[in-house]
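Below: a set of structures, written as structure tokens.
Both of the next two complexes hold chain A, though its partner changes from chain B to chain C.
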Partner chain A sequence: MEKENTRPVDRQDAYGKITGKARYVDDLKYPGMLYVHTVRCPYPHARILNIDGSEALALPGVVKVLTAKDIIGRNHLPNDKPVLVAEVAKCAGDGVAAVVAETRALAVKAAKLVKVDYEELPAVFTPEEALAPGAQPVHGDSNCAITHKTVKGDIKIGFAKADVIIEREYSTQRAMHSALEPDGALVVPEADGITVYCPGKGPFNVKRAVAAACGLSENRVRLIQPAIGGAFGGKDCDINVIASRAAMAAMITGRPCKMTWSREEVLIEGSKRHPFKLKYKIGAKKDGRITAIEINGLADVGAYITKSKATIWRATVEATGPYNIEHVSTTITGAYTNNVYSDAVRGFGSPQVDFASESLMNELARELDMDPLEIRRINAYREGSVTATSQKLRSVNLIECLDKLEEVFPYHAKSCSTAPENSAPAQLENDAAVSGKISLRPGKVRGRGISCIFRGEANGAGVTTLDAAAVNMHIERDGSITVLTGIAEMGQGGSNIVLQMVSKVLGVSVENMKVSPLDTAYLPDSGATVGSRGTITTGNAAVVAAEDARKRIAEVIAEEWGGKPETLIFRDNNIFTEDGNKKISFQDAITICYTRIPGVFGYGWWSLPPVWWDFDKNCGDTYASFNYGACGAEVEIDLTSGKVDIIDLVAIHDVGKILNEPEVKGQIAGGASMALGFAMTEEVEIRKGQVKTLNFDGYLLPTTLDFNNFRPVPLEAKQPGTNPLGVKGIGESSTATLAPAVVNAIENALGVRIRNLPVDLEKVFAAIQEGERIGTIAGVTSSPMNHGARAETPDPQQYGKGGKA
Partner chain B sequence: MSREYFQPTTLEEALQIRRENGGAALLAGGTDLVVAMRHDRGPEGGLIDLSKIFGLKGIHEKAGSIRIGPMTTFTEIAESQLLREAAVILCEAAETVGSPQIRNRGTIGGNLCNASAAADCITPLLCLNAAVELQSLESDGSKFIRILPLEAFLIDSKKTDIRGDEILTAISFQRPTDEMSFAFQKIGRRNALAIARLNGSCAIRLKGNTVTSLFFALGAATSKPERIKRAEEYVTGRELTDETLSEAGKRAAEYVLEKTGVRASSSYKLPVIERFTASLIRAAAERRTMI
Partner chain C sequence: MKKTKIQFVLNEKSVSMDVDPETTLLSLLREELFLTGTKEGCGSGECGACTVLMDGVAVNSCLVLAPQINGTEIITIEALETDGKLDRLQQSFIDHHAVQCGFCTPGMLMSAKALLLKNPRPTQEEIRVALSGNLCRCTGYQNIIAAVEGAVD
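Moving on to the complex of A and B:
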């Protein structure tokens, strides 16, 4: 059975996506369909005085100009993003009106003709500004959107015990999801409600949001999900708003209405990853044991709350990194600003704190003159460790991840023998000496870095509803199976996992099954496909549902043959008796079932054990379980330009049980490449509340030529996950380990620490200049004969000692 | 909005249309023009699509003179056996343009006429001392041909000396002698789909270790890709030592600072130009020793 998990199973969504037969929302067209385009506020904070759509309406083909006054139901929840701004726009790009027209080009043109009078208001652009006394509030009377804390022991006592205390500050930037498919929705008015076609990770959330905005009961909004062109944590609140705008247009005009955003609109109005500023103070004994940690963080929530509370809560819970620390105090505050709003992005608060805590561990190792891997081992969580929230941990596989890292990544090796080309830097010097007069090779240096993490599984106590999912299946008369699941197939391979689990229980080939399109009209609400919860919740639910079907079928066949139903074996599209003497094909068995019982189906729910959080005492069982990961990176840095290239990259993830090895490796690779962009090139630049990065020419995703030499390692450690399948979700953990490993590798190469993401050309070049100044690298211009001197042996114990901050 | 779209099949027809529709823009690969149009920064008037004029494509050599048709794509340049032998830096530069899709569409003529300061194929052509051929029709229907040094053709960022009735019909240069060696380098934020943060080319001739001739051009440093003559003059006639390279780098950076003034990017670009200059000249010299 285990062997089977390494066999690639054809992805059912792959054929359509590869051949172009898959239909995305923007491919959908209805007769008489209208197009909706948003009119946006150009100011970061402004009161709407008047909206005049008459000039736009005068254009032939323009049907309606909608404003907040036209919203039938609820515009927004308190402090949340409105469908359309009614009175005061809180950030530049806020939608204030929507133009409905016969063509998209006309809607775009007409939107420019809508005259809006504004009264500009004072605005705040950084969390510090926002929280300063007397600052202009974005909502209510304070810009403090949320503060989460964890407190354990007494940091005063902990720091008193420390031999060494260091304090460091880190920051992360505003980044975005970058799904290939921009957000959009098509809404068709029906006799008794509306049908919404839109991509998204939480179809039931979108359905509820649209129902509320349109004043409809939830059962009158039907959502059908077309193919999804990626989400990466997005297609969430943005889709709620888009679908609601299209829905109000459809209800008011009585015609199908579509709104799809351009890339620029995604950048201007769409949600982003929370920028964080984090101050860490850490104390340790000479032997490396950490005695205390104090963390104070500030996150830019932007103009609306959306899921910031849960994001910042997760960051707070995970901020220490995966280490046993007796005395902990963590406080992270999210502040409202007049910037574009922050919302869920794959990783959901983890990559930010993991970058800081894992950079810090290396800085502490440097201060103590210790091996960075060793200091992690000394402090690492083990089975039964107690977290900063006083939660006792089970299924802890961190040490195994670190062991694996040491095994597969040559962290302590003296030469770069694992480098793919035979361009071991040690040889550069010799080559360079050939001409005698000048060094011919441009200077390059190499360095290695590591990181490790723990990450809470699934929704956790930051979400109050029970974390549950259902799978439902109809076994057709010919023995083929239609599987209904609420999991959104965003490219991660979630629906195939469901089929694999059904296949395992019923012994029916995946080829004989089909996942039904996601349609809220007949599917059980299984929550959103978020929090890396898809495989844990839906995979286990699939087993429950398939067992339900097997019991039903087995009873019929056992009665036919005589004997006990539970002893029958379902395998290879057949059913056997235990001794193998009797055999019937699954198809024939189903034919018999249809003559004996009313309906052949399976239905099953599964939920994670409940979790809890005490907001007064700041403690609780935060997540039902955690997964662990480690990363190793080797980089080569061009001393002329500051360009960093990845020479070797290993990501090890504790996945509990491997259900599908090619898929899990693909998922790790996807997360890691997203993290490489977060580490090095991706940033949404915003100045005075205005988004300056407007397309992919400025928002730089890593290409296949940048994401080099990657080795994903899914790890089945001793302790399986704490659920019947033993699985752990790694959709998001894979985004959290790479940035600190790469930055630690850069520090290893240059002897200079960069503490602000992304580490772009300019920051790396400045670090090179600093390294030359303080003598941790030989200069290119000052001493060209000797440049590249650090490149020979990236030895973490030897390197960069001159670069103490 | 509607606009006139022409798709001539001969150069003569194209020149005629160009003459009669002074405002009509030339559409080569479209990788700059179409993007600009989407951002409402494109030309106002009609478009003359040159893609069906077979004669504007191809790379030929005649009597030591290499002639490249302006509609030759970056992919065709990168893969040209003739250019790989005669002027490999042009192939190397073409390989760094955009992505495979962009290289399949984008053309060398478009790259020159768009005249971006960061255009990847211009500095190699400056170091090859290339010339451009421009044709137009006289009122009597006869052809008028102008041949300009590429240096003179490039006026400023996005500005060339092409007239409203002219079409770029060839880029040509003499096959360099074996005594010259060349290098092209580019600094980008990514390894593909990168607009040059800096790019540059160098052609060098050495006698012993003394530089007897040097062409050195930088892109994305000033408002247009240009030869940095201050560095060329300093290095020419000198022994190629680390000190010479270092001083050449300083002079290049000084020149750029004089041209651009202090900008937000200066704190990165100026010291990098110093190193990049040294690195490029060194790389060109290294090519010679490798032969």
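Moving on to the complex of A and C:
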């Protein structure tokens, strides 16, 4: 692929979105449409004794009160979230009934009138409690939902070789997707089934779930996606449930039915990111070489299994971080609790383990009195390295990422950045005048931190179906092209990548193409838009499909002109002979094609090479390829308030091949800003199973004032041999590097390590006080005259000489 | 509930209607006037997806009750493009790749519009402050900030 492919191509979906013309699910209305609202269990574990909907039904305009008894098909898979609870609610917020009414307000009002009698049951709220002997089981007879392991070598031997061994514990919080568009679905009953309008990353999965719930064969459920207001790993199991509730209402009432959740409902019933607790033990030689690592983790699965097995599997595979370690033992267990259920969130288990392993690397560096970048270089995966799962790695670009980081981020510069806010960080000089001392405003300290990761591409062996996608296209009679792809456009720009690839092969302008709305009635099932697999799978499928169309067209034109079809050149909306002597417009060529061949189209499937996992031996080729990343953060901390400002933030990501530079940078920036929230502010508070964070006033997303001074750096290095385009995914790795880099920077500034996310104001303030107590900072509170100068340099070269947390 | 009669100017057209006094401006726009370009992200004034202009000032329409708009001028995202011509801000959002999922976009554009009406040459800091009530989960904001800067003379 030549350079021209990296040109910024404007997004075709942008026009509808900037004019308000794009229609999202809640913008859709049908004549006679009813609204459905959920009645939820207020207790974390309770048996339903009776549901009385009579008072609700007495309100004029209330059409139905539905319960699990009304479910026509399958309510749920074993241990999975039910459409409506039949007998025992497993978490507070579980749906137990659904009210169907003429207006949304009426449905909400009537839901409060549904009387449900419960018998409260004992409940468990932490994985530790859940796994303790005699604990109340959430499902079956054990709360152990899943345990995944990797074993390599013998950690006893590895630790015996170590000069230094440290043990640390880290935790990450319950976070949320926070797509700005709340979840919802509209279902229209048809003569021979139903049509579902809903957003979602896995339209075919939703179709199957709704079909099962409604007792319909899969070909009687048609799912059409409206515009999607973000997903970030969500809009999946939650949408299965919402669409199924709306579908049963539609089938029973015979009228179109819509359910859209309020933000509060998303917080109360919607899935969340798995909270993890991770214990690491690591041994290393004095020169920094790691000899062994032992990792034990515990994840809160919540009340239902959903995709926890795959999430925890990925976390287990990636838990060591991107390092050559001969002796590894990793065990991560997911436990059921009576908390709201955990499911996929952008990053899918990676951000949790990357926070822990990359914090640990800095702690090890400190213990060894080494430079954090140097210890990473010493242990970094290189071409041919073997992972903890015994997989030999190819197209390893970690050193390239670290080199780039050192080039663009002044990690070793002695003076901290003095660039004014909002300006691009200037090249820093090692100014002798400041010689490691920070010239800062009073009461502020600064620090720098780094991190690096590896991350498996696409579904991997944790998913058993072949990782495949299809693209097809109809070349219309006027030469315009309708492109069909099963990858959901959730905002990531996947549709445009498909258009770019078709444009490249057929030489037709993107403006002459249109992506058809995602409609399961016509589209080949290309799997879910997950695992950062969209560009890898459909980008390559688009090339196959466009080449199929080109061959078809070229054969007709070559016959017309005499000559070989494969020598024709498709460019600039024209077709040329190799010598340029003959030329026909693409449109005229298509006119000829329609007189000669039955249909002018292109069709193409593409799949990643198969991967495998041996669950008995805990090893395998986990992912077809891996991508690599590195992050550098410089923070400024206000010693009075604990507020942390981002002074400089660089995220470098190995993307294989850049297809659209501004768009890939946009993906990195979005992932990084989500990671900043994960690092610093976002947490769904839950007490005794009750969600206490009910809207964005308590769940704090980064704003324009928080996410600042960011530089995304997509890196082209060795391309994976496993796909012809040579691309790697970016959607999720961008969420994984920032948290440890920022927390390492905070530690660098304060000399105090924070091991539990999010690093909110309270934790930073406590760290400041600790830093003052142990003497790593001279803070404003203890010594106002000092104006809060860091007691010693944050220069990473000097790292390890400050106080220890 | 007794209806209240209100009169206001909506996207340069005079409107007179009877409203439930508890109806929000957001609900009025979306449910009764079929202007669904204005989005509901939180319903509590935290996300800014429902931002519209009320007498030239950006407001969260989910926090404004319908009777409050009596006698005012309301402008929504639907009026930003005029006679098939995009507003400069809209074109700049395309040019700067400031749009991903698009759900925050109408609100972002209206907040930016309000800023430029009041302050045609804002600094980046002023832009960041003006948009700080509009949440975006997709972009990390930098392309949005660049797009607003790009629409400034």
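FYI, the second predicted complex is superposed on the first by the 763 of 805 C-alpha atoms of A that agree within 3 Å, B and C clash if a C-alpha of one lies under 4 Å from a C-alpha of the other, contacts with A are read in each partner's own complex, and residues count from 1 in each chain.
Basically, a residue touches a chain if its C-beta (ideal position, glycine included) is under 8 Å from a C-beta of that chain, and two chains touch if they have at least 3 such contacts.
Everything quoted here is computed from the prediction, not taken from an experiment.
When the two structures are aligned on the shared chain, A:165 is found in touch with neither chain B nor chain C. The partner that reaches more residues of chain A, of the two candidates chain B and chain C, is C.
In the superposed pair of complexes, A:491 makes contact with chain C only, with no contact to chain B. Using the contact criterion defined above for the overlaid structures, shared-chain residue A:386 touches neither chain B nor chain C, since it reaches no partner. Once chain A of one complex is fitted onto chain A of the other, the partner contacts of A:640 are limited to chain B, with no touch recorded for chain C.
Once the two complexes are overlaid on the shared chain, A:121 sits clear of chain B and of chain C alike. By the touch criterion defined above, A:658 reaches neither chain B nor chain C.
In the superposition on chain A, A:703 makes contact with both chain B and chain C.
Residue contacts after overlaying the shared chain place A:413 against neither chain B nor chain C. In the superposition on the C-alpha atoms of chain A, the part of chain A touched by chain B in one complex and by chain C in the other spans residues 697, 703-705. Remark: chain A residues 8, 10-11, 13-24, 26-27, 177-182, 227-230, 232, 262-264, 421-422, 490-493, 662-663, 665-666, 669-674, 695-697, 701, 703-705, 707-708, 710 touch chain C in the complex.
Touching chain A in their complex are the following residues of chain C: 30, 35-44, 46-47, 49, 76-78, 80-81, 86, 90, 93-97, 99-106, 109, 124-125, 127-129, 131-145.
The touching residues of chain A, counted against chain B in their complex, run 434-435, 437-440, 442, 639-643, 645, 681, 697, 700, 702-706, 760-762, 765-766, 769, 780-781, 784-785. Those residues of chain B that touch chain A in the shared complex are 99, 187-193, 195, 197-198, 209, 239-242, 245-246, 249, 267-268, 271-272, 274-276, 278-279, 282-283, 285-286, 289.
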